[in-house]
Each structure stands twice: as C-alpha cells, then as structure tokens.
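Right after this note come the structures.
Next come two complexes built around chain A: one with chain B, the other with chain C.
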Partner chain A sequence: MKMVFLKSKNRFGNQSLRDRLFLSLSFFSLSLGLLMLVLTVAFLLKETGFPFSRVFRFDLIFSPGWSPLADPPDYRLGHAWISSFYITGIGLLISIPIGFGIGVFSAELAPPLIRKILQPALELLAGIPAVVYGFFGYVTLVRLFEHFFALSTGETVLAAGIILGVMMLPFIASTSAEAFRSSFAIYRESVLSLGVNQWTLLSKIVWVHAFPGLLAAVALGFARGIGETLAVLMLSGNSVAVPQSILDRAQPVTALLATELGETMVHSPKYQALFSAGFILLIMVLIVNFGILLLKKKLFSRFFTS
Partner chain B sequence: MKTKHLFNKIYVLLVWFCGLIGLILPFWIVGYLLYHGIRVISLSFLFDRPRGFPLGSSGGIFPALQGSFSLILIGLLIALPAGIGGAIYLAEFLKNQRFKRTARWIIESMAAVPSILYGLFGYAFFVVTLSMGISLLAGGLVLAMVMFPIILITSHEALEAVPSEYREATFALGVDRTEWILKILLRKTWSRILAGVVLAVGHAVGSASPVLFTASVYYTPGGFNLFHPVMTLPTHLYYLVAEAISFDQAYGTALILVLGLFVFNIAAMILRRYLKE
Partner chain C sequence: MKGILKQSLWVLCSFGIIAATAVAQEKEFDGTLRIGGSTTLLPVIADCASQFMEKYDTWNKIDPSLPNKKILVFVTGGGSGFGINAAINHTVEIGMSSRDLKAEEKTKLGDYREFLVSKDCLAFAVNKKNPLAKLDNLTAQDIVKIYSGEAKNYSDVRKDLGAKPILVQMRDMAGGSTEMIKTMIMKNANFTPHAVQVPSQGANLKKVEANVSAITYISSVIALQSDKLKVFKYEGTEPSNANAVSGKYTLTRPLILIVKGTPSKAAQLFIDFVLNDGQKIIVEHGYVPVKEMN
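For the complex of A and B:
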C-alpha cells in the first residue's frame, strides 16, 4: 500500500524543493560517516608504509623480538600479540562462565524484582570508563598481589586479565541473556511439563538453541577485550619481555601503541611497525564483527522461518 | 534420580552466585571509589587548577573538567547532526534494502573499532598530515568519530520503530517529507534519540585512548582555544596513577568521572520523563 503511494508521484513520493535539500543533506551526513571508516582503514594502511610495508610479513609481526634501541633495531611485535592474547584469554576464562551464569539468571531464575535491578547494575558496570577500571585494579588487585605473592610489582598478566574479565562481563552477560531468554521462551513450558528439572532443561535443550547467540556473546567479549587500552596499559606492567607465566609483566598491543606512539618519529620504521600492529588489530576486530553479524542473522532466521 | 536432583541444586546455586556477582560488583566498585574519594572532593577541588610539587599532587581538576567539556562540545557539534542526518537518510530516503543493510553493517563496524585506533588515525591524519597539532580541534574530531556511529545506530532504531500508519496518514494530507520529518518523526522519537546521545557522550567522556595523543597534555592552565592542547579527566587520572603523583587526587578524579557520568545519565532520564508528560 505504502509503495503504491510512493510510486504514484516521482521517486521519493511528494517531493518539494526543500525535500530535495533535506535528502542531499542527510545523504551527505551518512556518506561522510561511511567515508570516515574507509579513510581510517586506508590511512592506517598507508602509514604502515604501504605498499612496501611489513603488514603482510606475518613472520615479522607475530614473532617476538622487539628491541627498537638495539643496533640494528628489531621491530618484531610478537611479545605484544602474545601478551594481548594471553590477557584477553584470561579475561574470557573469567567472564564467560560468570557472564553466562548471569545470562541464565536474568533470563530464567531471577525473581522479577532482582531482574529489574540487575539490568541497570550491568549498565552501570558497562558505563564505568576503562581508565577508572585501570585505577581500581591498581589500588586493589595490584597491591593485593604484591602482598600475597610477594612480587616486586603486582602489575601482571593476571591482574590485567581479571580486570579485563570484569569489563567484558556486562557485554557477555546481556548478549547471552538475550539468547537464553528467547530460547527459554520457546521450550520452558513444553519441556518442564514433562517433569524434568531446570538443569536438564538448560543442559539438554535450551543451550542448543541459544548457541549462536552465546557464540556472538563470546566474540563480542573478545573484540572488546583485544582492543581495550587504558586498563591493560595500567595493569600489565608494560614490559617488553615475553610473559612466561600469569605472574609476569607484559605489554599488549594496545599498551604498546599507547606507550610508544607519542615518542616515535613520524614515518620512521618504528612508526610503521606500530601502525602495522594497529592495522592488523583493526582488521581482526572487523572480521570478528562480521562473524557476530552472521551469527545474529542465523539467530534471526531461526526465529522467523521455523 | 537423586544425582539429578543434586545437579539441579548445584546449578541453581551457581546461577544465583553469578547473578549476585553481577549485582554486587558495580556497587562495590562505585562504593569503593566513594569511600576513598569523597573526602578529596570539595569546591576547591572542582574549581582550582592542579598545584603542588610534583604538579598535580594538590589543587584541583578544573582545567581537566573544562577540557573534557570542550572536547565533547566540539565532537557533538559534528557527530550530532551527522548521526541524526545519517539515520534519517537510512530510515526515510534509502529504499534499497541491500544498500541499507550494507550501510548498517559498516556503521556497526565503526562502533566496534577500538577507540585507540581512532586515536592512531587522528594522530596520523589530523595531528600530523593536516598539521592541526595536538589540539582541542583534533581531539574533538576524533571524539566525533567515536560518537557518530553510536548516535546513528540508536537514532536509526528509534526512527524505524515509528509505525508506518503515521507516515501514510501524514502523506495522505499532502504534507511534504521535510515537514513530516521535522514536525512529526523527530518529535515522536526525540526521547529515544536523546538516550542514544547520552550513551555516546558517556562513552566519549570516559575514554582516554582517543585523546591520548591527539588532544591531551599533562598540564594546561585552562581556557578555550581550538588549536591548543587541553587536559581531560580520563587522561589526568591516567597520568596521576602512571607517574605515581598522588593517589588521593586520583581517587577524587575517578570519583568525579564516575559520579559525573551517573548524574548526567540521571539528568537525561528525568528530562525525558518530564518532557514526555
């Protein structure tokens, strides 16, 4: 009905001169935004020294050996990637079980009153700035570790990982809660009426349907964690050695960028090495984000086709 | 059968435990900052510049407050019209579903890009290539890039939620699109758009990584000049902790940052309620 009406006049319905102005202005603002993303990708790539860049030399990017002051200087970035994955991995190990637990809790087991408080509480958790998390971790975990493990400094992979886990928690919790909620809504009554208990309902049936949503929650947590800067910068200890244990210091990619960029000569080899790290981080996050989109689409089609 | 009951009990217990963590954690963090930070905060802390030796170990945070406000102002000046305009184009003018989905995907990708990469881009493009230097303008532009996708996504969702009966009824009266958008569509959705703007601003105020090498320096006396660097609240907190200057001052700054965001959110909520009635 609407389309018939729209096509009855010219392309965009009843269109006045100011309509056309409005159309061009709004088109301009959208394309400006899209252009900025393209520009970001292109410019980061250009600053890696493209086309003679190190960005495609995965042997240089993922093998450890960073020592920019040596002669000849070594700009391999492996220590940073190892640290990044190490810290993000610990963060996920903490936030996935607790986050899924919160998801089930808010979808099924929480009394209505508590559910009402839980939602703003998670929003509050997500709204605390990264630098405040970093500071909070510094005055609690770092000092605790120094005391407890008798370390010279408590800035460790573990401290950064725990705080990162707390930061990912609201994202994993609310995304998984959404998936659990829709899955419970479909199966709760028919399955419980068979006389099985809550645990069987979740472990045998509900999680299968919720699985794409849970995967999306993990991917979202990963993308948040790998790009997180200030908290890991303040808690990881910023040491260029490759971390051997969870009580070692480390320097994730984002911390490396934040530490070194301001002191690096523009367009020097070191500058290009830093930008290649940034560019790969960008591509990584974009790929993960595309994966999340596909998962959501699958989730969507499941609901509306069957 | 008995083990099944046992499993079920453990499961229910564990889920409750996780839920309680989710409930307690945010209040614990805010409460901890409140407990340690409240005695630092005073009028002079809010309205004085950093003093003492090393600089920042006493005095206040006024230039940082001012810098954060100015950055957001510049950022919103660009991101607000661009974000809402883009959302209007997506919701009202773009009819090709494939283009629409692609555009939405690109915008969502923009929102997912870690903010330090916008800082990296801003440094290479605004600061170095366009030779703006480390300045309020460069930082404001980077924050605009951080806020733009959030404002666009939330506005677009708000606009799409308006039932098409309104549109049909309005056009049946012979009203043109400009009138429809300005007089009806935006008036029906502004409350949800405002919520998105609040989200974007809250995110941008707290993030230090986009402004770390585009706008912020350790100390400025304050003032508003587009081409001068500024202090910001998050970077001030970072420098205080990283250089181990003063933990008391850091507690105060962190508390102001968190409470400021809190008050800002509540204010927006009240505004929405009040104007709706």
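For the complex of A and C:
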C-alpha cells in the first residue's frame, strides 16, 4: 500500500495543493475503513474472553448441547453451526444450478432486449430486504409445507433453505454471468468457426475458463447465505435441537445470536459463548471473501498465461 | 414505527442525562424526572411518559406550586437489578422492577415507597381446534410433561386426546417469561430442545392462533382478548385480572416502581398518572392493570 501511495504521490508531485489534499484525504478514508475492520475483529475477539477464549476450544464451539437454563448451563453451540451449514447447503444446491443457468443465458444466449431487463431485475432481487423474503416464505412455503407434509409446523430447514437459495440467486447469477461473458468473448469466434456447436463450446471450453469465476460466485453466495439472519430466523423454527432431517426445525448461528444476545448479561459465560460464535462467523466470511479475491486474481492470470 | 423511534430517542437521551446527573446532583428542580430499570416495564413506562408530557406540557399546569418548567421524563432500561440500585444511589428518582425486592436491597433502600403499578401474568393457551382445548385445567405436572418433552403426543397428556404431536412453543430463553416458567414450574426439568422459540409477544400470539398443534405461554391479558384461543386454568384457577392481582393465580410477577425516601411532588404526580390514565397503556402492552377500569 505504501508503494502505491508513493507512486501516486510522484504522479501528483507537481500538481496543486488541492490535488495533494484530495489524495491524502482519500488515503485517510481508506485507512479508516481498514482500521474499522481490524478493530471489529479485535473487539469481537476481546469480547469472547480472549486469551482464555472459547474460540480455540473446538469441543465447546462445534459440539451440540446448548441449554442455557439448565443447571449447570451448557453453552455448546454445535446445533447452531450444523443448522447454519445445513440451511446454507440447501440454499446453494438450489441456487447454483439455477444461477449458473441464468449466468449462461444472460451472458450468451439471451437476446439484447431480455438481457437489458434481466440485469436490473437481478439487482432488484438482490435489493429486497431480508424481512420481506422471510415474510413471503412464512405466508407461502410454511403454510404449504404444513398442508402437504402434514407437519405440526412448516417452519423447517427446507423452507429456510429454499428462501435462502432465492436470496443467494442474484449474487450467483450475476457473478457467474460475468465469468461466462469474458470466457465466451475469448473463445466464441475461433471455436464456432471450427464448426463446433454452442453446447460443445460451453461444456468443453467456456466453463473451464470461467471456472475460477464460477467458484467465486459460489463463494459469494455462501458468504451471503451463512451471514443471513432475519429470513432464516423467521423460517427455521428457532429450535435448539440438532435437525435430523430437512423437515426438522433448526436454529442457525445468526438466529441464535439475534434471539439471545439482546438480554444476555455483558461478559457472562453465555455472552462470551455468543461472541465466540459471532467471531468465528466473521472470520469465516472474511476468509471466503479473501478467497474470492485470490481466486479472481490468481486463477484468472494462470488461465491467461498458459 | 413512530412509537419505537420516540422510545429509543428517550432511551438514548436518558443515558446522557444519567451521566450528567452523576456530576450535578441535588440541585434545584429543573423539570426533569429520571426513571430506569426493568426492560419489561420500559416500553410501558416510556409510553406513559410520552403521554404524560403531551398531556401536561409544563409542571405548573398540573400543580401551581411547581415551577413553570417543561416536563421532561427520561426512561432507561438496564434491568430490574440496575433499577433498584439506581434508586438506592439516586441515579434515578424512580426505579422500575419486575420482581420483588430482595432483603438486602430493602435494607440498602432504608426508607422507601413501593408502588405496584401492574402485574405480569402468564397463561397457557392453545388454538380452539387443538385437541387439548377439550380440557379446562392444566396442572403443573402436565406443563412439566409437555415442556420437558416427556409428552410427545397429546395422548401422552390425557389418554383420550388422540395421538397428534405436540408443538411446544416458548419465548426465547433469555426472556423474562421463560425465566418465570423455569423457576415457578419446571424447577429442575429442562425445556425440550425441540421447542419453537419465538422472540416476541406478538409473534407468539400469531403463531398459536394460526397453528392447531401448538401450545404456548403468553400474557394472560393478550390471550384472553383473542377469540381464537382456549386459555387454561392453571392448578384450578382462572387467569383473570382479579385473580392475578389478588395473588390467587400464581403465575404472576409484580411490576413495581420504587422510590427511595419520600417521593418528590413531581415523582408522585407521575406515579399517580401511571396508576390512573396509565392503566389503559398497561393493558395495551398486555399486562394486568391493578385498578379496575370502566
């Protein structure tokens, strides 16, 4: 970062004071943003009771048993992690095939008019507030499940997973569309001129080149899904038992935090347990996001050079 | 929405005010009244405060002997323990508590007044189409069976109720009402992990109204207002307002305001307001009024 700063300084070296002021101001904003991230991570870690933190005790963090009112209370968070991965997994299963389908369609196959409508429509879908998705799922899917599966309640892992899939869809679709588009642009003309049909072009050549982009799309969807709170809170049933099937109730980590943190005594063991869950969630999402950056950079350049 | 904004504004303001009062205390009456404590009472008293301020505007309009100063009532949360302690060291003038005072708190308070403004009363309720609705009374034993998960189907409660599965519904484990059920009925038994936890009173009502297999505990005032719900007697007693106030119905906790020493004129006026006009607000929030209203 220092290098970039120096380089730009040279570039603007002969410029007016105003330019230099602007440069240092924007650099200041950048550092402020980065500092915020570092401080958030540090604060969360502190609240987990670091260094005697539960964060590094896998048996406490990932084994089920949550029962805060029992005597002695049990603050193991396994049920929440299992629920989170279960629901996000179902969401990905639903949104990956549909999202990639939309990606290919909007990148190559769609007529220009439809493409023009599709992109803003996806953006709109991404902009709908989570509570609206949650409410929509509650009045449609939950009722439907109660009726068709004869459940005592339709709030299930499946209902939450389906809605989460819809919520992840725009992210996966637009990121994969980007990857497909650049890949098609490189190979379309040369490959089609050899008399190869469109399907072979896609299945043999284009997707290989687009692969890092597709992986980034999935990672983005995952990061979005694992952090989603309100919709899954409304649809998962918020039960602390480990879900046994897709028609069972669950309580993802985010729902657990939203339900319990408000009235938990500060710095109590329960508070530290909840914060450790939040800390791990944050680290997980950070790793995934850095992963996306690396994927996009490293793998793309590898594909270009070889 | 507007109400929430207003409330949170007051709560925010009050933190600053409390900090300020720590420095400048026991000065001439400046028109502000500070209240703090139980988060159960917070929304109720905050509503009372905003109506009080709207109705009277300045103190001398209620009582000419008071100065012509704008009425400012600040209400903050913090929990019952905080409310009582804040009343003890005079950080607030009126402390809010949703439990009885402990012996040590009473000694610390010394000379104090306690005003019972309302009671929080819980009742067990099901949808009228629920198999359990045939019954009229639930015993503590029934509740423990249902809420510990020992009874999986309604037939496990009473043989003739049919094998429909029970959907146990509860408030979140951090909430005050769950604590009441745990200490008053469940004792050593634990809640079944399969219970559906609802984070708010409103969601609790809507869910049990919509679901024929669910059972829940909910504010008796709210439950009795719904025509879709069957509300049970507990241990043979009806959860009526009269029974709650008299103490005959046991699933209750007191909601009280505490003042150390003799309340100032301003504090007394506000407490009177809560005990009269405020009773309507208390019912709106789902708590039992201590005075009969017409």
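We adopt the following convention: the second predicted complex is superposed on the first by the 270 of 306 C-alpha atoms of A that agree within 3 Å, B and C clash if a C-alpha of one lies under 4 Å from a C-alpha of the other, contacts with A are read in each partner's own complex, and residues count from 1 in each chain.
Quick note on the criterion: contacts are C-beta pairs under 8 Å (C-beta built on N, C-alpha and C of every residue); 3 or more make two chains touch, one makes a residue touch a chain.
Here the structure is a predicted model, which is why all the values come from computation and not from measurement.
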Touching partner for A:89 - first (chain B), second (chain C), both, neither: neither
Partner chain(s) touched by A:22 [first = chain B, second = chain C, both, neither]: first
Which superposed partner A:129 touches (first chain B, second chain C, both, neither): first
When both partners are placed on the shared chain, which of chain B and chain C touches more of chain A: B
Touched partner set for A:78, first chain B, second chain C, both or neither: neither
Which superposed partner A:67 touches (first chain B, second chain C, both, neither): second
Chain B versus chain C as contact partner of A:258, first or second or both or neither: both
Shared chain A contacts, counted only where both chain B and chain C touch the same residue: 233, 258, 262
Chain A partner contacts - residues on chain C that touch it in the complex: 39, 164-167, 172-175, 178-179, 182, 188, 190-199, 211, 213-214
Partner chain A, residues of chain B touching it in the complex: 4-5, 7-8, 11-12, 14-19, 21-23, 25-27, 29-30, 32-33, 36, 81-86, 88-90, 92-93, 95, 103, 105-110, 112-118, 120-121, 123-125, 128, 145, 148-149, 152, 164, 167-168, 171, 174-178, 181, 202, 205-209, 212-213, 234-235, 237-238, 241-242, 247, 250-251, 254, 257-258, 261-262, 265
Residues of chain A that touch chain C when the two form their complex: 66-71, 79, 146, 152-153, 155, 233, 237-242, 249, 251, 258-260, 262-264
Interfacial residue positions of chain A with respect to chain B in the complex: 1-2, 5-6, 12-16, 18-19, 21-23, 25-30, 32-34, 36-37, 39-40, 43-44, 47, 97-102, 104-106, 109-110, 114, 117-118, 121-122, 124-125, 127-132, 134-136, 138-140, 166, 169-170, 173, 197-200, 202, 223, 226-230, 233-234, 254, 257-258, 261-262, 266, 274-275, 278, 281-282, 285-286, 288-290, 293
